[in-house]
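Pasting the structures here.
You will see two complexes here that share chain A, one where it goes with chain B and one where it goes with chain C.
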Partner chain A sequence: MGKTQIVKKKEKVRPGAWQIILIAGFLFYMFIPIISTYLFSVATRWDRTILPEGYTLEFYGKTFEASYFLSSLRNSIILSVSTIFVSLVLIVPTTYWVHVRLPQAKPILDMLMILPFGIPTVVLALALVQVYNPTPLGHSPVLLIGAVFIYSMPFMYRPISNALNAIDAQTLTEAGQSLGATTGQVLLKVIIPNIFAGIISGSLLVFATVFAEFTLTKLILGARFKTFPLLLVEYTRINGNIAAAFSVISFTIAWLVSILILWVGKKSQGASAEAVRSH
Partner chain B sequence: MSYLELRNVFKTFANVTAVRDFTLDIDKGTLVSFLGPSGCGKTTTLRMIAGFETPDGGTIELDSEDITQVVPNKRDIGMVFQAYALFPNMTVRQNVAFGLKMKNTPKDQMDKRIDEVLEMVRLSETAKRYPHQLSGGQQQRIALARALAVQPRVLLLDEPLSALDAEVRVVLRGEIRRIQSELAITTVYVTHDQEEALSISDKVVVMEGGVIQQVGTPEEIYRAPQTRFVATFIGTANQFFGKVQDKQHVLVDELSLEVENLEGCAAGQQVVVLVRPEYIQVTTQKPERSGCNIVSGVVETITFHGAVTRLGVNANNQRIVADINVSETEPIGLNQKVWLLFGSNACKVMAVDK
Partner chain C sequence: MDKKSKNQRLAGAKNWLGFVPFLLFCFAFEFVPIIFLFRGSFIDKATKGFTLNHYAAMGKAIYINSFLNSVKISGLTAVIGVIFGTLIGYAIYRLPSERFRNALISLSDVTTNFSGAPLAFAFVIILGMNGVITQFLIKYFNYQLYPDFSIYSFSGLVLAYVYFQLPLMVLIIIPAFVGIKKQWQESAESLGANTLQFWWHIGIPVLAPSLIAGLTLLFANAFGAYATAYTLVESQLSLVTLQIGYMIAGEVRHDPGIGMVMAIISLLIMGLSIAIYQISTTRVRRWSK
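Moving on to the complex of A and B:
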């Protein structure tokens, strides 16, 4: 019995020919645009040959000369980081509360949290502008943070909810309370460390989503608050090569930040991540 | 005046009454078990004592203080859970330290106390490990140490051993009892394992359907059950349904059983006579003796139980079980005709409606 299972497992590991083709096709589909963007950002001329005729770093120089380069980068980072912050502060306690005190409301929360996927961003943006325009909030970055928070909410909620499902949050909370801790102390000292992996992946997803956000920013704030994607789109109309260079910078920043968040997560987690994973 | 007092406690969920009119006194330093079938309200009662559920009626008093509405973290009541509930992100030492930290215990006192309780559960060497690096039994010991570290006024345990295998269960229940008596800590222990409850408790509370059936020492519960439920739930009891004949006899079908203590019953009343299998003597020859009840039947089943062997006997289509000690009795085989003897003092009579 045991032996046949082992054999089966081994067979599963070796992929068939069609699997290799499928995976290769998928990787091709995923990476060709990225590789082309990279190449295009350093190409002198690339319309008559398969590979570019020559290479140059000139366009990267141009990106740094762009007047809004630094400010748009700064704006994008401010926007992403504040959204992650708002998202964490609102979603972690809410999700925890529902898991522990109102488990019957979990399906409702699950449904609420996929609603943002169902609302086209254009509609969301125009609706917000209409409602808030007469108030001081209209056209303010605060409104934008609110909007991208809603838009990116599912990305934060899902990993956190899954992480809470993986631990027995209710019993851990009761154990903490019977030892004299308040609910807040339990959340900080017991629950958050044990769902840290979920918090990190939620933050990464929110960062990636918000850093690349275009529609909401454009419609709510427009030129008043130029973010990196806005600048990038602007340059696609001016010079394709420079736009490609912007894209590459954007990718790189997103990757660097992802690595940074993962690294911070690993570091503050240390051995306990291991403990949680094998729990 | 008892240390922990529950007065007419009620708890209803949506449409089920989980606990009704629950009144119980628990003396300081004693171990009291709640014993009963699944769903009888043991956990709910325990959680009301801990403060995780609020009673719909009644009061809970601890050390003459009404704690019915006090939040769990202000009650000074420790709890051990079936699923251990150790904090996975903390080492054993950090787990045990948690409660002491919440109380702002000075560092040196804290270290001393942690060493003490780890010593008490005999797991000092595991201090640096994480919960997932311990066996189930070890995790539960640490959970016990963690609950005891803060010196709670009451210790609650909800089926702490049911996730462990039989051998560990027996060892650990002895440990729990040892530590409990050493510390003289007031303890409520929930279980549905009667052997566990009878072996470690000062008092056993037998519950059914959210109601207390009987409170007593393990001896009393076993020897003098007050309801038919207790008699059949604790241990095994043969049941003979019949009518009261006179002051000393109950008529069961054609057979007249001699019993004691029929004072409270009127002639003709429907009653049940309960006889424990270990009080029944079995012989293979028709006995000459009189002065006790004799029933004859045919052996249908023989099951070996270690110390005793249990016979299932068919007597006029009523099934009777009797325990025999193999070394003391002549060999008995299947389908053999046997005589069952039991004295009037082995019979416990109860009205049927109970």
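Moving on to the complex of A and C:
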């Protein structure tokens, strides 16, 4: 008995060969495409040798020459920030209200937040275009923001809902109201400061999602509103080196946002790993 | 008494009012358009009358093919993702170092969201005609990937999809391994069960809901994907999402009703997957209590 326990302990200290092989394979699969993109974006020529023949920052300089580069970045940021704004205004109060005043609607809200995962983005785009294109809303950024809001709302909802669960919003609200505060005051002065980490995580997730959004933007507005992902796809067909530099920019933004989310999550237990989980 | 209950009901109605702005938004940008889509799929464009012609048209080879291709790529990458994701997840779960374990989980969290054009292009860089790995294989193994393989084909798309499917499965399955309590394995061993018996009688049944949840979520994840496919195989492979996209962009002269029918069928397929996923995850929660 004692002997098997010693064996077990040894097993725990050292990962087995099967573990090393699986994890090494996983790391290889996850990193090779990304590292290659970073290298390709600074390579002078890389189609005859294993490592690039030389290195240059020329293509990053060229990204600025690419027409639409700055305007597409600007459009992507406008779209992300407006969507975050709409999400905050709609989802924070609604989630709080349902938690405190309307718990019987919680299953409905949960279901509404799962639904977007069941709707392919092309289907959402087709549905919106069919209904709204004959109206003034057709081909307008407002329609796109509405679409992107629906698509990204689960990412805002999860962290906020988890944060509300963690702080016992009900008791805090009753305490606030017994001191004479209105529900609005409680939300602004008590609840929001307490779920701030959740709000930040949610906003960052929405930012990352919307910044990388391609399908809805292309199919609803197309060339009228060129965002960064649209420009990237265009350049994959025009100039590989510049496309690689664009890919690097979008990978880097995704990494930065993820690191920020992790950091915010560590700062507070409220936004748990589950809240960051976002599919 | 009567008045009180009336007041309560009034207060209840007032509480529902707080839910209305959000619901209105969902109606405007989600439900109403989809209801119209459903309605439109039965309407003849010329006569404005009821028709089943659009549904009947699904029997044409081009549409059947795109559904078959979509189901094939989603099914295949979901199965690959579930098998390898579970194995990798178990390897990660059994790692002695908590820091390394958490780092790998965070990595999965980031990479599962790497999809679309940047990912597709990264695969062109490594596995395109002049790609890094293509060159490496020629130089060191004298092995020509092309023309048997192409990144702009079904098999190329499989590789790109597996990239985001694997980490998604890792994230789904690790909590399930945590749910298999150490004590269960110990008690099974003390009752004389070997490792195989433990996994067969206890481990796999406990994991089963998570495996099913993973399979359906991964399937839906791939089925709805558009940007990666658009960048890689645009005209080489016919997929449902690509077809619907062409119809919106007006790149093909088709009856819009056809696109609507494809959209409705996709919604049904996706809805079914997500429903099974939901049911399985409630099962999972029951175990973790």
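Quick notes on this structure:
Throughout what follows, the second predicted complex is superposed on the first by the 222 of 279 C-alpha atoms of A that agree within 3 Å, B and C clash if a C-alpha of one lies under 4 Å from a C-alpha of the other, contacts with A are read in each partner's own complex, and residues count from 1 in each chain.
Rule of thumb we're sticking to: a contact is a pair of C-beta atoms (placed from the backbone, for glycine too) under 8 Å apart; a residue touches a chain by one contact, two chains touch by 3 or more.
Remember, it's a predicted structure, so these values are computed and weren't measured experimentally.
When the shared chain is aligned, chain B comes close enough to touch A:Q177, but chain C does not.
Contacts of A:L126 after superposition: chain C is touched, whereas chain B is not reached.
Touched residues of chain A, counted separately for chain B and chain C, are more numerous for C.
By the document's definition of touching, of the two partners only chain C reaches A:I91; chain B does not. Legend: residue contacts after superposition of the two complexes on their common chain; A:T217 is shown touching neither chain B nor chain C.
Touch criterion met: A:T236 reaches chain C, while chain B stays clear of it.
In the superposition on chain A, A:S72 contacts neither chain B nor chain C. By the touch criterion stated above, A:T83 is placed in contact with neither chain B nor chain C.
Common to the chain B and chain C contact sets on chain A are residues 276, 278-279.
Chain contact summary for the complex, chain A toward chain B: residues 167-168, 171-172, 174-182, 185, 189-190, 193-194, 271-272, 274-276, 278-279. Considering their complex, residues 12-15, 18-19, 22-23, 25-27, 29-30, 32-34, 36-37, 40, 46-50, 90-91, 93-94, 97-98, 101-102, 105, 109, 112, 114-132, 146-147, 149-150, 208-209, 212, 214-215, 218-219, 222, 229, 232-233, 236, 240, 243-244, 246-247, 250-251, 254-255, 258, 262, 273, 276-279 of chain A touch chain C. Residues 15-16, 18-19, 21-22, 25-26, 28-30, 32-34, 36-37, 40, 87-88, 91-92, 94-96, 104-107, 109-114, 116-126, 130, 132-133, 135-136, 139, 162-163, 166-168, 170-171, 217, 220-221, 223-224, 226-227, 230-231, 241, 244-245, 247-249, 256, 259-260, 263, 266-267, 270-271, 273-275, 278 of chain C are the ones that touch chain A when the two sit in their complex. Contact residues of chain B toward chain A in the complex are 50-52, 71-74, 76-79, 81, 83, 85-90, 98-99, 102-103, 130-132, 143, 146-147, 150, 152, 156.
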